[in-house]
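Here come two complexes built around subunit A, the first alongside subunit B, the second alongside subunit C.
Here is the complex of A and B:
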């Protein structure tokens, strides 16, 4: 597209009261030689917009630079189909935050003009990345209640589904239940299991192909084109899929580790899983002598909420014990159930079920810490509790004890297994001439387990350090986020949850799988840049195969060919631009965002011999809106800083700092999201990587006789906009105390 | 009556509605969001931080708003009231009243109308803890960033100062309500919740002293964009707080009020304790609870972290009475202490009632076959395809669960509307 530029400057909202508009026009028309340059009192008004639209239709303008307000407002007004639009934020970044009509304010506005026009000169319209073929089937791994619900969810939306279950039968744990918890209001009576009906629905659905007694041998490819190898009883099978849902479920915590609660030493101490089996086969019979149990004690948090075992709450056990107490009471009205708990956790409307059980005189609920289980006469058991009501210690005699054991996700790799793999990997590394670090922990997703992804970064989904092996999302508001595009998790592999929760969770995962397939088919990114049709374009001729991009990509989108040259599997890419930042050869660029664009923007700035000139690179999702919010409050900040939004601080390429400082710019402040535990970066590690890269820069700056403190990274939450002026002032003050950048003179 | 068509109509623009809408739209469907207030964001836009990460809701809202802004398949209408829903799955017709904003799309957000407006009224966004003008925008992060005039608060004799002040012709005090008919294939009810009216809980003293507040008020007091710029002080005299009591199950798990557990209040209180403790290294917090309900992984870890703080006292027991000491103005909380035995009486600077969530779906005009259960939640029969209840319209849930629920509802809605061609 041959570009024809039009620059439009708004005079409204105090802009014309703050700066001299004619001089801004001069920057565009004379310095930058823009043929069409116009001003308007209120550019967003219908008349102002007509000005632009008429130039687009009449003059052939196709690259529109709007110097007015923040791009976060008036987005619809300043959107012109088929044209490149660049917004210069004169209102928030100048008019509302600077002293009116000063030389420095004018210089700031003029620099924003230069930078904005330069950016437009380096921007091209996106040409979406299209796969030649796309397979729209959804692969569901796991045939329990979650997997089956996900499968039906996608199938009923018209998509083909491949369902792979390890066991010989579908149904998972739900199929082993005697009865199920109430599924709907009034949440009072336990129900006959509905799992059979679900299995029938799945097996008879024409869109669903079921593989039982099967496991995933390998998943190669990328969203839209996954090649799935399935190991079945009848030999290997191949399938194609567009997206994947992992619903691999859970296993009960190993009760053999609960000796202190009598498990393994007394046969009448059983788990809640065994209790389902017993109830399914008739009366509540205790294992030791086949006698009917008439006093059944349920010990809650058996292994859960216990730093020695599972530090977390398994969420389902309180409700399950209430349900099993109901078995005891229904099967024999003379029998008693004791539930010994730390806290009764029946959130939501399940409280009504709890209440109904509380009203049953045959169910005794006691808060306390179980201190031990010991043998009484006749095969019975004593359960000792402390810290009960009134602080007393009590002893309960029961003829059977049920341990409400917790939930371990099937994605959890046990420590021993992890250690074995660590040894194996270290040996392999040594054999190939590497130097293994025996102290470096092995990340669990490097160990093949369920998905066996053919990804350079490892065969399984990365999990959060603090998630105990669960594949939970780091983001409260985006529950289905994983670090492998197109692969979503659902049910108890994601979070400990009960059946009703799993059913709801499963449907959300189906939607995300479908969404990824449809976005990929149209060449769009998926969350969080779902509108984005640009993608990283790599000039491979200049690539030195240093592999930094392969390692740093948060989503495992970059693979390497036989020669070790990296290449993007584009539909895995979320367009965060971490690779762009990582590349020392500067060969990774987007149509609307590139290394050269940024360097040119820095160079476009007017750097006088005297006077501080600083650049602020800001995360566009958090820091940029925070600046806007401060501006709305008419907070003032230094006129020395020119802010430029980036997709993520992970975009930071060290070349930018070199380019900026060598052009005489005095310093650079990088404002991004909190990193470390509970990180807030929506691209996982953007600000953290930027920080690491800065660490490497310090030495270089030292060699250039430049103070490393000239470049500073600030972690800022979007909500801390009220603190921004002070933070910026501190940074500027620090720079003011330094000598001017010596490169100014060159 | 003008007409619009959309694949999916989402009623409610809070976190549940926004999620349903964006997820469905990004799967390729057209969506219209109806919001009754002048701005999107709902309850979460009033919160300071999310538990357990203590991250700001505005971060995720910013992403969601951007998803709305940049997606041509999503449109939204504010200040709406649903008047009638008729039809069936695939072809619903919904009559929607659009209440006037009195500010048109020419609004640039320059704030001149606010500066000119002579009227001050209690600020509903800040739970009435401060004042706002009749012309207003909720906060710096409001979306849409288009001002609104609260006509009910206007003085007729001010001479339309806001209209005079607006250079852009955006103030239109003659704007009339209109009705629009929206045809939709599926409907998601994401109507959300309101805090249970604490005045109804006689023994907890709400209304007898300004220092007995609700958890919703506490959230505003702790927010940087709230009435005190985030400084936690007691409302009566602006004094810093040294001792704060939190009363759990204020209305919840109580057959005289809300029979169910509101599922969020334990975590909300633990979170609010971190607000107090972060601001005041010496302050003490008392939490009176029946059961601490922090299910799962991160929630339990969050509970443990707060519990390990020695200035936090957890007392298992139902609160019998909250009252103001007539002599000092301090708040006295009387409760039974179940574990220690006997009664406990604590004198504090401020008392926060962890009021529960009450669903608002029953306030809507719904088709007759959609039932509301005794708790106020929507019960939609299995054969009623095409209308789906989301988030707190269906169950008391936190943000994470609302998001799951909303994403699942988006799936059901697209199933109804039909497979993409």
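Here is the complex of A and C:
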């Protein structure tokens, strides 16, 4: 494509009050020789947009540089089909944050113009990466309420579904219930289970193929082209899928560990799972003597919210006990249910169910810490409580005690099993000659035998330290995402939840799976760069097969062939550009983002002999919005720093530092996410990788005889935007104390 | 756990409180907002949250000899601030009713007064009884000539029928009160104190209605109860004058203008104040019904009886003056029936609070519990100096008699 440039400068939103617009025009027209260069009072107005559109249609402009506001706003207005668009942030980075009409402010704005135009000059229109074939089926692992709902969701939307269930029957826990919680307003009375109807719908749906008594042997491939090996009763089966939903569910916490609550020592201490069985078979009779239990005590948080057991709240147990209290009351109006809780937690609309149960005179709800369960006469039990509302310790006698145990995700394995597995893993590693690396950026996750992914980073989905073994997303706002592109989790394997929550979750995951399949088919990236059609392009002739990119890719998108040459499984790639930063040979680039582009932008800056010139590389996901937020609040910062957004700090290529400092720039500040896997990095650990690379900085800068302190990495949490001016001021002050960069004179 | 209180929830007690007007009891989730906003609770072991907890759990034993529920004047600040609509004011009222039930005898009358379905009997029994007695006296019917009520029911008839009724009511009340007092002493482990001083202080407090003044939401309850209370006293004075004229000075009713003027004055002021007070009470209950509850059958029964007593007494007087005999005598009969009811139901109806609240208020001073209270006067309220005048609770009962006698 032969590029024809147009530069458009907006005078609105205080820009014209802060800088000399004519001089900016001169930079574009004279310095950069841009043929079309125009200004407007409000570029985002219909008239302003028409100005650009007319040039596109009339003058043949196809590369539009908009010098106005932050690219994070007005992106719909400033998007022109078929044209390259580059945004220069004069409003937030100059007009709102700098002293008006000073020489330094003008110089800053002019540098932003030079850098923006340079960037446009190095940008090409993307040509999307297309898979030759796409399998649009959705693989659902787990046939409980979540898995079945996901399957129905995708099937109803017209997609084929492969549903794999380990047990002989579909239905999971929902099929074991006597009755179910209310599923709709007014959320007051318990219902006959509807799971049977769901099972029938799934088994009779023409788009759904169900495998029961089956497990996943292996999932190879990538989004759009997964090869699934299924181990069934009748032998191995093969299937193809485009995306995967993992809904492996949960199991109750092992009540044998709750001896202090009388489990195992007194037969009349049972779990909430046993209570469902008892209720299903008729009257509420207690195990010891088959007598009807008329005073049933429910102990909430049995082994939950307890550092010695499950440290978390499972969010369903309070509701289940309320439901089971209803069994007790419905089956015998003279019976009483005592619910002994730490805190009553009934998420969402279930507050209404709680209220209706609370109104039943035969349901006694009280707060307290259960200190023990002991035997009374006649097979009865005493439950002792402290910290009660009476302000004294109390003892309650009950015929039967039900322990409301919490949820453990099926992906979590017990410590003993894990130890065994680990030994085996280490042995295998030893036998294969590989050395376990404690500092490996991505340790294989040690959860056995659910997905069996053929993946560099291990066979199962990784979990966060703070997620207690649940497959919780590391994206704060995107619950179904996992660190394996195209594989989504839903239901209680992701987070403890009740049935209604699982149903909602399941449908959300269906949509994510469909989205992934369709995005892959059109050559788009998936979340979080869902608009992106660029992809990493590798100049293999210059590749030395050093494997850094394959090691560092957070999504397992780069693998090696037999000769050790890396190749991308492109639909796994999320376009974060970590590989671009990792490559010492600088052979990985994107159509709109490359090593050379960045170096050219540094060089485009005007570096005078006197005066500090600094570059700020900022993560576009969090640090850049933090700068925008500070600007909206009219915070001021130094005019010495020129900010450039990067996809992730993991993009940092050490070549950039060498290039920048050798062209006379005094220093570089890198602002990215906080370290640690539980923080918000959209690409797992980009800023940590950047920090590791900076470890080699000494070597790079030593050659140039420059102080490594000129480069600083700052970890920023997005909500700390108001601290940014101070952080930047400290950095600038440090640089001011240093000698100017000796390379300025060259 | 050696030091634990063994909790034995009693489902029937819970159901009883609910049936007695505490329908909202179970809505409480024990946040203690009620206790925080209450202006009359002591700081130590404050109420009404703990009472809500006991009642929800059916801890019947805890209420035995509990004076705190009587500290509550049902001003309903708690109910209006309750985030759950649990109406602690109503619940405590229901619990007080349970207390009255517990200490009163005979059971037949307890049931008659407490059970909604018996309401026609409440009026029918005294009506039939009085009709029979009047027939026996030979005066049942509409007499000829000038309307003079003693022609229908003679002064002696009134004295022989109504005095025993009142004595019955007061005696049963006092017996219950004594049992309650003993239970309070035992439950609170208080066996000695300044009884005389406590009684005096209680009487002063009752006369001044101080507790009502600390109410926030339904401040008009002060006015209505004050009116009703002092109207009973005014009617009591009128009765005393009647006794003076008839039994000591040997005069005959009806009292004519001149020497009769003080009787008329006290009687009519009392009657008008009583009607006004009762109307205010009704109005306040309807006005705040949604948030505070309209009240129980038990509440309305007493309002109904007193209201009818006042209205029928006043109307009977008007009809007498107008000389409309066919209306005057039947209305007077209704008046007699309701006054009689008021007396015999005294220890069973809500009016029994004279005994139990009186005893509880006295006990709180006697035991020193009240001293634990840091009285917070609500804002925008000026302190009204306590009115003096030692009037016992029972005087209200006598006041009722006054009206009967005055005509």
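In this text, the second predicted complex is superposed on the first by the 578 of 746 C-alpha atoms of A that agree within 3 Å, B and C clash if a C-alpha of one lies under 4 Å from a C-alpha of the other, contacts with A are read in each partner's own complex, and residues count from 1 in each chain.
By our rule, a residue touches a chain if its C-beta (ideal position, glycine included) is under 8 Å from a C-beta of that chain, and two chains touch if they have at least 3 such contacts.
Keep in mind it's a predicted model, so treat the numbers as computed, not measured.
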Which superposed partner A:390 touches (first subunit B, second subunit C, both, neither): both
Which of subunit B and subunit C A:367 touches, first, second, both or neither: both
Between subunit B and subunit C, more extensive residue contact with subunit A: B
Which superposed partner A:475 touches (first subunit B, second subunit C, both, neither): first
Touching partner for A:338 - first (subunit B), second (subunit C), both, neither: second
Partner chain(s) touched by A:355 [first = subunit B, second = subunit C, both, neither]: both
First (subunit B), second (subunit C), both or neither touched by A:298: neither
Partner chain in contact with A:505 - subunit B first, subunit C second, else both or neither: first
Subunit B and subunit C footprints on subunit A, overlapping residues: 344, 355, 367, 389-391
Residues of subunit A defined as touching subunit C within the complex: 334, 336, 338, 344, 355, 358-367, 371-372, 384-386, 389-397
Residues of subunit B defined as touching subunit A within the complex: 15, 19, 22-24, 26-28, 48-50, 53-64, 66-67, 69-71, 106, 108-111, 140-141, 145, 167-169, 224-225, 229-230, 253, 259-261, 263, 291-301, 304, 316, 338-341, 373-375, 377, 379, 395-397, 399-401, 403-412, 414-415, 418-420
Subunit A residues within the subunit B interface of the complex: 12-14, 42, 44-45, 69, 72-76, 153, 156-159, 184-186, 305, 311-313, 315, 343-352, 355, 367, 387, 389-391, 466-468, 470, 472, 475-480, 495-497, 501, 504-512, 514-515, 518-519, 526-528, 530-531, 621-622, 625, 628-630, 632-633, 673-674, 678, 680, 682, 717-722
Contacting residues of subunit C [partner subunit A, same complex]: 1, 3-9, 11, 14-15, 18, 25-27, 29-30, 45, 49-50, 53, 56-58, 84
